[in-house]
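You will see two complexes here that share chain A, one where it goes with chain B and one where it goes with chain C.
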Partner chain A sequence: MLTADRADEPEEDIVASNPNRSVRFKAILSSIRSNKGALIGFVIVAIFIITSIVEALGQYFKVKVTPYNPLQISVGPNLAPPSFQHLFGTDQLGRDVFSRILVATPNDVGVSLAVISFALIVGAVVGCYAGFHGGLWDEALMRITDVFFAIPALVLAMAIALALGPGITNMTVALMVIWWPPYARLARGETLKIAHQNYIEAAKLSGSGISKIIFGHALPNIALTLLIYASLDVGTVILVYAGLNFLGLGIQPPHPDWGEMVSSYKDYILTDPYLPLFPGLIIALGVIGFSLLGDGLKDTLMA
Partner chain B sequence: MENDSTNPLTGKNILVTSHLKKYYPIRRGFNPFSRQKAKFIHAVDDVSITVPRGKTLAILGESGCGKTTLARAITLLAPPTSGEISFDGKTIVDGKKADVNFKKLYRDMQMVFQDPDSSLDPRLKVRDLVAEPCKGLLGVSRSEVDAMVMKSLKAVGLSAEHAERLPAQLSGGQKQRVAIARAVAPQPKLVILDEPTSALDASVQAQILNLLVDLQRNYNLTYVLITHNISVAEYLSDLLIVMYAGNIVEQGPTASIIAKPRHPYTVTLIASAPIPNPWKRNLLNTEIKGEVPSAINPPSGCKFNPRCPYATGVCAKEDPELREISPGQFVSCHNVEKTA
Partner chain C sequence: MNIAGFIIRRLLLAIFVLLGVVTITFILAHSIPGNPVYAWLGRDASAHPALVQLYTEKYHLNDPLYIQYYYYLSGLVQGNLGYSPAKGFIPVTQVISETLPYTLQIAFFAIVISIVLGVVLGVLAARFHHGPADKSIRAFYLAGISSPSFFIALVLLIIFTIFFHLLPTGNAASLSLAVPRAITHIPMLDALLEGNFTYFFSALQHVILPSLSLALGTFGVVVRVLRSSMLDVMRSNYVRTARAKGLTENTVFFKHGLRNAMISVVTLSSLIVTWLITGTIFVESIFSYPGMGQYVYQALLVQDYAGILGTTIVFAIIIILSNLVADILYVVVDPQIRLG
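Coming up: the complex of A and B.
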């Protein structure tokens, strides 16, 4: 019935479109350049990250990288409007608002990235394990994440931060604790999608155990989705972090933070509206920048 | 491989399964207090097969008849519910308990999956894909692994240049060649081929079939071929097993079954295969009425009886045993005389 004559003509070769990583990276860069939103996001994020690195190095080596000492009072007149001497004006104690905003940058960006990294790693491992193991482990791990979903994240973070006491480290811990469950859920869903792919079975036939399969096959294949979700999520952490600082649960005065500044300047909103405006604008800019970049990455990588 | 070709046969049969069953429970979430009676899908129901060394056994059947489940049970990817499996002279599953060194087992038993798009990790290069079983199973040095990878790529007709590519940069036939290279790289004794050509274009199918024939000769392999394609089974196999709804309905030498099928199901199955020559086409209406029975509540007696044109009263009551009706050819039918 089957006429299988020895047809040994070569099959057509599919020409390699992106042969290596550096070319792929260049392709991502060029597609970000062609996407206006992503480009704006990229520039904003780059400015934020460079500023925070410079500020962090300045604080570490005790080099002055702000126009004025952010903690010193009466560097100018009290409640001065924005001018070339004081770009964002001065506050009720005569401190330079621009310097205060600059010096708070490494905390905001650093905490956000730390929280996202922690959530990403813990969520990915928990979700992957639950997805692969199935059965009772899956149920137990997912019901634990459901507990976190049942309580509003901000309320839970406030409770944890209050219990641990105020301070930047404790607040970072509080944010980490509330931030991983959505990642675990996403990772589990993505894992279930690939768990019954034949390459997982083929890996079992190659003598790979569950940890080798998770780290060698599952995580690399679900990483893209998780990374895109994370890049969209950085802005949200900045917002929640600022919110907790606004409520006085984070950095304590006189040390500045964007949320704390909005909080302590809010009483002047009728007489000197620029005072709470600038820290608020910076928070908004950070959130918008990371969201635009994440959105652009999604369009580029998911296409 | 150099040892295998001269290896004195320790036994005539490399793989024997007896009364193999694989039932899947139907789960409705986790509820330890549920009083509902457990239901099962009877995917493979009491299957005994014997695979002689160096031969090819084809398992033929339509979608959902349990052929792939049987392959997964044999490879212990889905350990059987009950029954016995002996492989290469050793019992690997006895009853429910599988007490086996998986690395040792998979060194000698490998599998080629149906769809190379899903059986190759899209993020690994061909080199790493083929190296994975060598590294995981054999415990040999890096340079030896490299040599084995190159050797098995060459054996399936790929070059060193393909080794640096990702699966997405290969054609369908090349991908299946990589999947085959992966399976033969650790130099197994038995390779289970799960629909090795059904995801491929017709022109590439022939190349892959010829490649499988060459590899069997050069590596002294035994094949278990899972297929729904009678032509593929006829071309590759020495022995044939026809499955229906989790049971074996007919088994024997491929040539004699194709020439003279005896089970009513096999008769219609073979008559329904397309024949290239229009003058030899079977113009009789051989369509089977009805649907494949539910695997959850299979019909009593012979599972084919609701659709069988020859069914009599006994068919709904008693499950027929496999009976030898001509040398080597076994049929499980109460009314086998009617198809003579």
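Coming up: the complex of A and C.
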């Protein structure tokens, strides 16, 4: 325990207790630079996010930002192996696989970040409220999260997606509905830790209402723990979302998605085994990027 | 509080959680728009309106939701999960009892592989931490943890069956072999009990790839936790005492370190079980393994309410039970933990 206490001190100095936010941010950036894994993760995540922004803007303004039209068939021979013309080859309809992977990026990255942001905000507020309020609210929240923990996220998302009908919006809603409970539980635990600290007691004594205490005092102090958990969790959303698309519940053909591509290309595995491998590798690469970055953040902020 | 009271309290909580699961999935499955009979009957529905009428009445589809819920719950208490349109209207309980044993086979081998692989690599990573072995192990498990199970399954399929023709591509055992007489209802166990080794080895060959696909996605969790708790334990006072007594580093590491670090692995079981269950849906479809995961996929395609609800409940029961077992094991292996 002694070593753990001592290790907490420098972090308090640099990050947590520094009132100047830009200095805090610079401290995080410099520690990422010194951690090789976090740096690799940062670069991968940056590539994915920049690609998504470029592709999303390209789709919005109808500018061509892929080598070929991802939906157009016969831009090359059917099932051509990877070459300089077609980086990842072409599929059974002669569509360019690389262009299809590129155009799917904003969906996968966007959905994951949207789901995580929603879960983070709702979970933090609900958990913090339950932590302070206690009693029936607290008990109800804990039992609800117990129920959600007993059903695998993918199975529950499947059931919700089935009820709402397939499609990218419904899928995002389904994931948002199931993703917040762990955050609420974490936020509740963290709130209980700080609930009797002097600054909270002081705020109570000075007559602040519960919402002022939550938003003004509690949330800023538990935010770091929640953000670290969230950064490690983005990859999980990507995996579950890819799984739902693999099952055909997400975006509908002819629009491509990574999971959907693996699913439809897997039938050509005997003749062209590389075909389903490229979209699968991209999913894995995205998840690796976010996990490395999350691990790095955890190491630098919690160490 | 004694251990029996603790178990009873956890069991009561588990029943409450299960009821919550049933309610959530029931409401969800029944909010699917449109009459599901059309999806169940396919082309026959438009040809025979009377049939649609008959099925709608038979399954109480026009009744208010709470009455359908009452029918469902009362059926559930009697062990009736409804009838599965995806399997020609045979009872869901029957489908589950036919498919679940296969899923348990895959899950059993997947757990064994991930724990063996996880413990061996976790110990190596902790023993040589910050060395090249540690780094390559980290890269290996990070790749496994980050890959969707369907991707791992496809990669294994390509390597082991398409390039090297080492292992079969699908099914639970060679189709020419008769399934052994049901004793425990788990085919591989039955084959062993019957002495039917041809079936057993065929089944073993068929189970390797699906289990390995699942295990490669989960063993990383074991490695990660074992490594870090091993490093914590090795810094503790009783390890220092053991070293001071003059024991060799290996004795200290395995006898004093590993035994205590293993406690943290026990708590992982629920996380691993959840991942495995999710994974079976993909892996069983890819290897056309006749388990419950494949049934979920089929039920999904035809909007089979009863099937999805039934399998979700079984999945939840498995997860709740594994949590319970993990909690109890945790108390048993670590006397420091207070019951509460």
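Note that in this section the second predicted complex is superposed on the first by the 284 of 303 C-alpha atoms of A that agree within 3 Å, B and C clash if a C-alpha of one lies under 4 Å from a C-alpha of the other, contacts with A are read in each partner's own complex, and residues count from 1 in each chain.
We take it that a contact is a pair of C-beta atoms (placed from the backbone, for glycine too) under 8 Å apart; a residue touches a chain by one contact, two chains touch by 3 or more.
Just so it is clear, the structure is predicted and the values come from calculations on it, not from any experiment.
J.: On the A-aligned overlay, A:Leu39 touches which partner chain: chain B = first, chain C = second, or both, or neither?
T.: Touch status of A:Leu39: no partner.
J.: Looking at the overlay, does A:Pro220 come into contact with chain B only (first), chain C only (second), both, or neither?
T.: After superposing on A, A:Pro220 lies in contact with chain B but is clear of chain C.
J.: I'd like to know which partner A:Val262 touches here: chain B for first, chain C for second, both or neither.
T.: So A:Val262 only meets chain C here.
J.: Thinking of the overlay built on chain A, is A:Ile47 touched by chain B (first), by chain C (second), by both, or by neither?
T.: A:Ile47 sits against neither chain B nor chain C.
J.: State whether A:Gly207 touches chain B only (first), chain C only (second), both chains, or neither.
T.: Touch status of A:Gly207: first partner only.
J.: Looking at the overlay, does A:Tyr199 come into contact with chain B only (first), chain C only (second), both, or neither?
T.: Once the two structures are laid over each other on A, A:Tyr199 reaches chain B alone.
J.: For chain A, which side has the bigger count of touched residues, chain B or chain C?
T.: Result: the larger residue contact count on chain A belongs to C.
J.: Which of the two partners, first being chain B and second being chain C, lies in contact with A:Leu79: first, second, both, or neither?
T.: Neither chain B nor chain C is touched by A:Leu79.
J.: If you lay the two complexes on top of each other, which residues of chain A touch chain B in one and chain C in the other?
T.: Dual-contact residues (chain A): 3.
J.: Sort out for me which residues of chain C touch chain A in the complex.
T.: Where chain C meets chain A, its residues are 13, 16-18, 20-21, 24-25, 28-33, 142-143, 145-151, 154-155, 157-158, 162, 235, 274, 277-278, 281-282, 286, 296-297, 300, 303, 308, 311-312, 315-316, 319-320, 323.
J.: Residues of chain A touching chain C in their complex?
T.: Checking each residue of chain A against chain C gives 3, 143-144, 146-147, 149-156, 158-160, 162-163, 165, 235, 239-240, 242-243, 246-247, 249, 259, 262-263, 266, 269-270, 273, 276-277, 280-281, 283-285, 287-288, 291-292.
J.: Going by the contact rule at the top, pick out the chain A residues touching chain B in the complex.
T.: Chain A residues touching chain B: 1-8, 11-17, 19, 135-136, 139, 197-199, 201-208, 212, 217, 220-221.
J.: If we count contacts the way the header does, which residues on chain B are in touch with chain A in the complex?
T.: 30, 72, 75, 77, 102-103, 106, 110-111, 113-115, 118-123, 132-133, 135-137, 164-165, 169-171, 173-174, 179, 182, 203-204, 206-207, 209-210, 230-232, 234-235, 273, 275-276
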